[in-house]
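A, B, C and D are the chain letters, set down in written order, and residue numbers restart from 1 in every chain.
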Amino acid sequence: MISFACDYLQGAHPTVLQRLVDTNLDTQPGYGEDVYCQTAKEKIRTAFDCPDADVWFLTGGTQTNAVVIRTLLSPVQGVICAQSGHIAVHESGAIEYTGHKVLPLPAHDGKLDAAEVEAYLEAFYADQTWPHCVAPGMVYISHPTEYGTLYTADELRALSAVCRRANIPLFMDGARLGYGLMSHHTDVTPAMVAELCDVFSIGGTKVGALCGEAVVFRKGRMPEYMLSAVKQQGALLAKGRLFGVQFDALFTDDLYFTISRHAIDMAEKMKDIFRRKQYTFRPETDTNQQFICLENSVLQRLQPLIGFSVWEKADDTHTVVRFATSWATTEEDLAYLDSVL
Amino acid sequence: MISFACDYLQGAHPTVLQRLVDTNLDTQPGYGEDVYCQTAKEKIRTAFDCPDADVWFLTGGTQTNAVVIRTLLSPVQGVICAQSGHIAVHESGAIEYTGHKVLPLPAHDGKLDAAEVEAYLEAFYADQTWPHCVAPGMVYISHPTEYGTLYTADELRALSAVCRRANIPLFMDGARLGYGLMSHHTDVTPAMVAELCDVFSIGGTKVGALCGEAVVFRKGRMPEYMLSAVKQQGALLAKGRLFGVQFDALFTDDLYFTISRHAIDMAEKMKDIFRRKQYTFRPETDTNQQFICLENSVLQRLQPLIGFSVWEKADDTHTVVRFATSWATTEEDLAYLDSVL
Amino acid sequence: MISFACDYLQGAHPTVLQRLVDTNLDTQPGYGEDVYCQTAKEKIRTAFDCPDADVWFLTGGTQTNAVVIRTLLSPVQGVICAQSGHIAVHESGAIEYTGHKVLPLPAHDGKLDAAEVEAYLEAFYADQTWPHCVAPGMVYISHPTEYGTLYTADELRALSAVCRRANIPLFMDGARLGYGLMSHHTDVTPAMVAELCDVFSIGGTKVGALCGEAVVFRKGRMPEYMLSAVKQQGALLAKGRLFGVQFDALFTDDLYFTISRHAIDMAEKMKDIFRRKQYTFRPETDTNQQFICLENSVLQRLQPLIGFSVWEKADDTHTVVRFATSWATTEEDLAYLDSVL
Amino acid sequence: MISFACDYLQGAHPTVLQRLVDTNLDTQPGYGEDVYCQTAKEKIRTAFDCPDADVWFLTGGTQTNAVVIRTLLSPVQGVICAQSGHIAVHESGAIEYTGHKVLPLPAHDGKLDAAEVEAYLEAFYADQTWPHCVAPGMVYISHPTEYGTLYTADELRALSAVCRRANIPLFMDGARLGYGLMSHHTDVTPAMVAELCDVFSIGGTKVGALCGEAVVFRKGRMPEYMLSAVKQQGALLAKGRLFGVQFDALFTDDLYFTISRHAIDMAEKMKDIFRRKQYTFRPETDTNQQFICLENSVLQRLQPLIGFSVWEKADDTHTVVRFATSWATTEEDLAYLDSVL
């Protein structure tokens, strides 16, 4: 069945997989010491214009968030995030498992507001009992957010400024970063991400890889004991080449951005279809995920015909669902979607 | 300076301290094997009419919450509590440090609403992605709450029923339990607490002891490895008699309830003073803590004259403060308060 | 350079990789719900003759050990293992990070002795202070061990019997299980592993996969909250198919065993070469890893010529090194080794 | 029954208890802000000649070890200790519960050997795989040790020098520090402890207090977030005065040392009795704990007559037992002991 349920329904982009095939028999050392990891890191530094950054590869998004947050916080600190943030909701308590509290602030279409973050920080230290509370030691944002929305360059600048005034790192979870950067409606560039964040991830799993997330640390931000911490959290692959080869492929000839842009182009066309048929967006987004509010009777009619994700109950007669595009979405898929809506 | 800042400004109630003096040279085994721990446990079982309960003694409130919550949750569960709950706000992330998420629900004058808890539980399992979220494995309430308010018997019954339908324990943090049970305006009895809760604590520190909290587990609820878990969390005293003697004294001749009642009587008189002088309660409570909203100029005038706690900013010109009574509060203290207000 | 440094120097076995290519564009749900995971699990149950077992897939060995040990121990228990066990030495404290102590017992060529385990268990509970100590809640063995050695069927039966008498699970870390089961000198069968262990892993990373370990739980042993625990420890892949496809390929037409046997055949020939040239084994093993004690001058001569791992200092003039074969080792590789030794 | 089972069989030294009585009704702020904590800290700094040190108070020994070790180690480090060390054996895995591995080295009558520690550190970093292992980040010693033995000044100097060369802190668990410093046969002074260690504890529980351990951090070693960490681990008392008053009393007029010396004097007389009656020491110690090897028939004869602790099985017909003195031991107790042996 044709499906728009998510952006990880197929394996790897064929070019990525082909690179795995081409390099398969090369003899390479383990644990990230392979040549592909080195070239991939270099290509990422170039793509994001951050020549001094440290780059690391981890398997998946939750793991990445847990390793980054745990290694950058002191034992008594917590991490600020939007109430709808992935770490606050959908990671089975992975952050708390590392011993750290997630400090949720209001979400505005999935986004944090810089002024609210600053007010929170000020109010926190104004309260004399603060050492009895969990000190905010980091700000976590996802970009795109869990609702497919995007920060503007100004919003990012404001958040970054708040964090730097407070001397705490800004961490961007870029599980779908490609879709954010290739949006038709963004003014955020790769270099801006590297400049404004202290650490950010570049999702591979949802943007053309079989698995793998790159983590980019601003100069001086990577913990010196990173290898041991990664190993300790069970996140070190013996065949680190699996990450190296894939990210090398993704950052050769702009593949990461090209396939992200394809997904965005498909999403824009999908939006046109929904709009034309007067479906209700909740909200309309500029990335590869569209959240649509369906009458339950429509939902039941569509479920046998086409794949999508049930997101949340809207009210007793309506349900929010998700339709996502990816590098693998085709014009034929969209034509079929059009035909069944 | 005369102070109403909190209910732990003095040492122990003199009767409790005298018992420590009287028993000081008795030879007793360590780690809670002393005879006083045994008699204290028996007296607590009698006072709360729960002959089959297991009783344990721990040093302080945060420690008690951490040990109870951690031992009763499975590794992937979290604990529901009111947004204003002590474990959610004022324990430096002690619960998250044990690896468990605190799941905050709206607080109504510091209290959870049973219907909202039930709705939360239903919505949780209705969401197909729930294994990616933190499963609610316990309900935590404080009684009195952090705002000095009390559950009614009906409210407790409703919460207990919700928990039993969901097969998760109801845990009452009774750091100030005596003040709740001896309120002039409560219909909750000790036996009711033991019947409706699966585990509850009986605060000593804030009700006449130097330190120490009793934890009462409904039959079958105490983890079989309790001793090891208590030791592991650094909560096992070599001289366990320190708890045994104090709780034995507190539960001899109803001392615990008598001194709690004294504090309540003093609080009622204190409320009369504030009411007469037209101070603003926020909210008025039936226990030993009163939260008063002061104009900042009044606050500044009072601070050199009498002790109280600054609680939180109300608005730009007002501040909420706390005045608490205890077993040690005297009529003279109240007369002085009256004179300076 | 031709290398025998380890068994993860290349990517995947070509058949495994080809299956990833062949299935790449199939649309499949995420998080292990794909059809390949289902068929792979079924094939594993068949291969190990354990139709009622629960099978799970995780990324790597340390992660697997951490997830299994943490979910099967109570909060106050630790895990017995040989002093040379991987979890005791080479996992950066991953087990302790989950809050559990590793309880090392003497290693006999890397193996635990059943009688010593039983004596330890008896002595533990004979000590009246045992609740102040860490209770042994599991026995961990690796097979092959970290020294490439193997338990005999009788040794396994004895360990299993000890564990069942003590009612604690026996966990076999099978990171290189194929090489153990295909040894020319073993009487342990796959069905025996599934019968005698309560949980065991089947390593993919070191036996032909890009990454991935299968975990097999004896009926009733898998924690009911496994999915959440796996997610919480950052071990749940969105594209679970990566495991499903690879393990399906490895357990189709006995590929896992066939390629393991190839590595063993190569190792036997390698042993002949070392033996013929009078190198010193430490000890000689029946699996794919051979540990050789070299004079330091020989080590320095060989290092530029051929790849191997430096293992440990033997004495001031000698060093133990490791030579490993794998599915990728060829007769040409051996001929070259022969020529440089 | 007269008992030598341990040094925590009675309550507090009468002078300490009297101070609690005398100060009981003073109004003091909570959480260690009371005046007694301040004066106690100052007196400790004077007694140990370390005017710049930071002093903290915690409830018990295991808690102290857990808080100190956890706050001074990086997330990937472990703590070196003797195999017989309290943290390695008798704390129910409290250190591992904080996520850190205990790294045991051989014990020589309970003591670490500086040369062996240095060799371990060197060998650790000489192994190229060290980031896969747990890095030694602290050395823990107990003084007196768990066997009642003492480091000499030279031994302490050597350990301190090793730690400073390696730039890792030396932590002395002084649960019975008074008995060590007041030994008739030690050349270690209080000032030497403060000079050679980076952090040490001064046990109150076993030396005259009801509960409480002081922790002394060399200048610059105390974590800046100590209060929050202490709170987070459930170790912060609301009535911090309980510690302040007791330690103020213990360090007024040398009470701590005077009562320790009394216990030592009693122990020396006890040793004479055992020696005269030709009992077997295992080993004879210079502190307040004597370990005696009894024939099992003798053990059975003595058990109804006098209190002592069964320590460990020596062989099939002998058992090691412990006799301890304390501030509360009297000449009459010794005479009785003499009469029953």
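In this section, contacts are C-beta pairs under 8 Å (C-beta built on N, C-alpha and C of every residue); 3 or more make two chains touch, one makes a residue touch a chain.
The structure displayed is predicted, hence computed values, not measured ones.
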{"item": "Chain labels contacting chain C and also chain D", "value": "A, B"}
{"item": "Taking each chain's C-alpha mean as its centre, the one farthest from chain D", "value": "A"}
{"item": "Chain A and chain C, separation of their C-alpha mean positions in angstrom", "value": "33"}
{"item": "Whole-Å gap separating chain A and chain B, where each centre is the average of the chain's CA atoms", "value": "42"}
{"item": "Separation of chain B from chain C, taking each centre as the mean of its C-alpha atoms, in whole Å", "value": "50"}
{"item": "Residue list for chain B, restricted to those that touch at least two other chains", "value": "75-76, 91-93, 97, 99, 131-132, 228-229, 231-232"}
{"item": "Residue ranges of chain B touching chain D (in the complex, touch as defined)", "value": "1-3, 5-6, 8-12, 14, 17, 20-21, 23-30, 59-67, 91-94, 97, 205-206, 210-211, 228-229, 231-239, 241-242, 245, 307, 328"}
{"item": "Touching residues on chain A, where the partner in the complex is chain D", "value": "70-71, 74-76, 99, 131-132, 135, 225, 227-229, 231-232"}
{"item": "Contact set on chain C toward chain D in their complex", "value": "75-76, 78, 89-93, 96-97, 99-102, 123, 126-129, 131-134, 310, 312-313"}
